[in-house]
Amino acid sequence: MRLACRDIRYRYPGSENELFNGLGFVLEEPGFHAVFGPSGVGKTSLARLLTGGIDDFSGDVAVKGLPIRLYSHNLERLPGWSSVGKHLSRITPPGREAQRETLVEAFGLTGFMDSRFSRLSLGQRNRVNLLRYLIQHFQLLIMDESLANVDEQTREQILLTIKEMFPESCFLYISHNVVEVATFCRKILVLRSPEKSPQAVFVGGQDRRKDARLDERRLQQSMLEIVNAS
Amino acid sequence: QAAEAVVYRLKWLFNVSVVGDLYADEKGLFAEKNLAVTVKEGGPERDAIKEIELGHAQFGVASADQVIRARSKGSPVVVIAQLFQVNPLQWIYRSGRVRIGNLSDLRGKTLGVTFGGNDESILRTLLAMAGLTERDVNLFSVRYDYTPFLRDRVDIWPVYRNAQGIILQDQLGAEGEETAFFNPAEYGVRFVANSVVTSEAMVRERGDMVRRFLSSLLAGWQMALEASRQPQVLEMLARFDPNLPPRVLAAQLDATRSMVRPEPNFSVGAFDAAAWRQTERIMLEQGLIPQPVGVERSLEPAFLP
Amino acid sequence: MLPRRILQFLIIYVLGICALLALKYGAGLSDYVIPGPDDLWRTGTEVFRPFGLDVLNTLTVAILGQVISVVLAIFVGVAGRRATWFGSFIKVAAYNVQAYPIVALAPILFILVGDGWITRLLIAAMICYFPVLLSVLGIMSEPVEDIEHFYRVTGRLRWQLEVKIRAFENLSKLTTVISGSATLAFAGTIVAEFIAANAGIGYSIRIALYQSDLSRILAALFFIGIVLSVYQGLLEITGALVRRTWAGV
Amino acid sequence: MLPRRILQFLIIYVLGICALLALKYGAGLSDYVIPGPDDLWRTGTEVFRPFGLDVLNTLTVAILGQVISVVLAIFVGVAGRRATWFGSFIKVAAYNVQAYPIVALAPILFILVGDGWITRLLIAAMICYFPVLLSVLGIMSEPVEDIEHFYRVTGRLRWQLEVKIRAFENLSKLTTVISGSATLAFAGTIVAEFIAANAGIGYSIRIALYQSDLSRILAALFFIGIVLSVYQGLLEITGALVRRTWAGV
Amino acid sequence: MRLACRDIRYRYPGSENELFNGLGFVLEEPGFHAVFGPSGVGKTSLARLLTGGIDDFSGDVAVKGLPIRLYSHNLERLPGWSSVGKHLSRITPPGREAQRETLVEAFGLTGFMDSRFSRLSLGQRNRVNLLRYLIQHFQLLIMDESLANVDEQTREQILLTIKEMFPESCFLYISHNVVEVATFCRKILVLRSPEKSPQAVFVGGQDRRKDARLDERRLQQSMLEIVNAS
């Protein structure tokens, strides 16, 4: 696989400043990666740009081996006319039912399959939404603050499960939590303000997996690099 | 042998103006001639001639102007009887306040007129005869309801003299107001009103049925207008038009009789060919038809008894 | 809720009658312009049964007409929701048909479908469908991004689902419009009866007009109001029920 | 957009005429039932000027009527949006007035406001206001919780603000309904002219009906369609403009 | 001031299980407090219950000295018809203009006063929304994940500014970030599942203020207590 951006320039119509000003990066290995950066730096915009939501930019996005790229974010909703469980089973591709059940379990949602979406708590909604994307066919999934309203323990369990179940896929996880991205992600794309050059740099993370111990020192090192880069 | 089904489309609602048609149906006169006739009410958006041409009806009632217009546009319509000898379309006025002794009395008055209707043609002819132009009078556009007349904003108001005319006369009379009717025929304008029509094809191919139908129909009219049957007829009318008090119905029937059977031994249905010609001439003069149609040729007296 | 509705209608009706009577006595108008209370009362009791039956007759046609028009409006609204050439073509067609007053179309209708029950139904449906259509168009042409996104990107957004989502998200607006449009179906049926039928309350109104009988017209308005209040109330209750069961609130 | 709209109308009109002509020749009907092409053409050129002027006359009344009806609908919709006794009273009143067919109300209207221009305007507004009202009611009675919360808890949610918020959040639905209701204002004006005026295209249609002159009616429909397409198109453009400037999109 | 809940019982209509099952706590000092607990435990529900959004519960909520209690959450929106700056100035109580300016600055929103709300990034929206609540009159403000989509650095600055500017007020900050609540909050109300008793316990936090150093050990201690309690 290969995901390469070259000299991306973009300015929202009606806005004064360029958001991307020659942004470029190349990502060649699958795995659980992150996009990191301060609020307003353009993470969501980049994600939409990579998945076709924005297309009036200049520059190149070259993609190889990632035919299906999905973008999910934390404000999505499920339709309200039947329970979450029914909706999930309707959108499960054939053969993925077992996978779905595993994820429901790991996401701590077992007790909520009979609820309507509108009756869930915010974190429960986040999880249900992410779950339905995970059981789709995809090669790249962008998770835009998809777990922002979930508690840390559940989040950790979810991230580890995802990494275990989809080792071949490519993820871009957008999060504001340094510790988290440094711990769980393989590469962290740090976005910076358009005045800085380059506008994006990669930092290596600890890529922690289930049953693996974490080297505290190296984690500190990653976090420092991330903070310095941003 | 099963009765033949026939649809007969009237020009207006069930009321005194169609009393003969109703009577023929009620008394089974059609059935006697082995016809199963469905008598259908008419209305402002109804046109019997069109329905006959479309095959929705076999017979109908239409006014002379409709017939002439249809002929001028090539419709194969034929008139087989003329029901009204006097046009019931006349103008009511409060005789206590308005005086119309001759045509020139119209000057300066507010005249109700249904633009596009027969009464416009008639009124314009009358004005021309009196040497008046539109500027000498106020023409007031008449519509569904009578409020402008009731509130005395209009001097003379077009009505069917035998139907609404009687009702208004009764209502105003109850408040002590005298009314009278302005009848164009008295000034020589004899615009023909309701007549029985059918299609050329019917006349050509089903002459026998036309004869049976018309004889039953006219018999119905003859009988309905005989003074001896008045109570029976009024009883029937009260069923079809239940809102009117008996005295009004009786007055309506009297008025109708004088228009359909002006004399006691008049044979209902006869053509007044001169009136037809006058009607055509008026329409031609007012540009309502582009050229003469020779309306006599569409009158078919052969089926009259 | 239903009794309240009827009470409210009665208040309005009585207020209206009082206003007319005030005008009558204020301006000294005679009984043939505005009937007096005794006349009103007499007429009211007289026509109680026949008008009651007439209104029920009209109601049946109105209900059917409304069903047809709602189906039609949803159909056109769904077909015309997209900003494509075809969508806007459908819209132009639907709008134009509406702009033609029934009175002008009636002759053509009579030529095409003859007279009777069907014409009455058709006219009722035509008068009722348009307002529903406008709402359906407004609702159907506005995406619900945060729900539709998933289905769109995963290739699951068939038009049925799109319509279902947008309808569900605007359920209370839709039920308001649909239950409100009962009024229009009713008015439409009356107009149809007025020009084309020989039954129903519209027909009775036409005769009353023709006989210049305002008390009968006022009585007819009373029956129309009562029956409509009940029908509308029932529709609103149904709407609330639909919302409850579908949305599970 | 505007030329496209007109083109689409022309296509529909021509299709309609062709269907009628097909019926004519198929069933061998005379010119009296369905006029032939030469008759249509002659009438068309004959009435070009007078009908054109009539339609414009009608348009001015329709525009005014629409403005009145939109104002009225918003007024009633805002007053009736709450689920209170008064709100539902307003709604019942507004609904009932609508249910009464204009033909039945016309005598009362004439008594109250006399005939002429005002009656015409009033009837147009009455026919047009109801569909707008339904939408406004639907929109106004549904809270936009995530925006209103702040203003409510800080005691700032005056009714004006509430209305503004709900209107803004449903702007595209509102503009759809309002621009669509132009059609109704037009039809309403025509009906009013039909029963109450001596000017305008409705009046011309009535005369043509009395003279059972279908070619004139078809010509009138043509003019109505064209003018309406243009008016509606302009309204839609205005709607888009309002959305653009207000929403800053 | 005093905010006391006694034996609160509540079950959402149509749901099977009790959400609050004899919940009780007493809070008597003002300051920047937190409500903490796993996703779905009932933090949002408790907040709505304390501010009048839910009122069909049994039990007592006794409040003293907190006449104005506001609830704000991270999904609120501003109206779209004019710029954020205009909206903010319209809702500023007289005399608070300077305060507003300080907050705009501290929240990193200076450059966005001319934007419409719908054109802001998620974190920017969060901040604008919180800001407008802060300049209102209140004694208690509940912030339900109000900064969930803001980056850590900005969040820290915001929290410190709030604490400095409103030392007398009472805050309940709902967040999923243990480090954060342990660092910045005075008392942390840890909500637990309804089977546990008591359903809520208070843990002390480090209540860090501007220019104050943090004792790493005591922070660790707080965090541990929080995690153990939940």
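Should a chain be cited, it is by its letter among A, B, C, D and E, assigned in written order, with residues numbered from 1 in that chain.
Note that contacts are C-beta pairs under 8 Å (C-beta built on N, C-alpha and C of every residue); 3 or more make two chains touch, one makes a residue touch a chain.
Because the structure is a prediction, the values reported are computed rather than measured.
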item	value
Shared interface partners, meaning chains that touch subunit D and subunit E	none
Separation of subunit C from subunit B in steps, with touching chains one step apart	1
Pair of chains with maximal C-beta contact number	C-D
Centre distance in Å when subunit C and subunit D are each reduced to the mean of their C-alpha atoms	16
Interchain centroid distance [CA atoms averaged], subunit C/subunit E, Å	50
Distance from subunit E to subunit A - Cα centre to Cα centre, in angstrom	26
Between subunit B and subunit D, centroid-to-centroid distance (C-alpha), Å	37
Multi-chain contact sites of subunit E, meaning residues that touch two or more partners	14, 75
Residue numbers of subunit B (touch at least two other chains)	44-45, 47, 50, 54, 144-145, 147, 151
Two or more partner chains touched - positions in subunit C	29, 33, 103, 107, 111, 206, 209, 248
Those chain pairs that satisfy the touch definition	A-C, A-E, B-C, B-D, C-D, D-E
Contact set on subunit D toward subunit E in their complex	146-147, 149-151, 153-154, 156, 164-165, 168-169, 246-248
Residues of subunit A touching subunit C in the complex	51, 70-72, 75-81, 91, 116, 129, 132-133, 136
In the complex with subunit C, residue positions of subunit B that touch it	13, 40-41, 43-47, 50-51, 54, 56, 144-147, 150-151, 164, 167-168, 171-172, 174-175, 241-244
Interface residues, subunit C side, partner subunit D - complex	4-5, 8-9, 11-13, 20, 23, 29, 33-34, 85, 88-89, 92-93, 95-96, 98-104, 107-108, 111-112, 130-131, 133-135, 137-139, 141-142, 172-174, 176-177, 180-181, 183-184, 186-187, 190-191, 194, 202, 205-206, 209, 214, 217, 220-221, 224-225, 228-229, 232
Touching residues on subunit C, where the partner in the complex is subunit B	29-33, 50, 103, 106-107, 110-111, 114-115, 195-196, 198, 206-213, 216
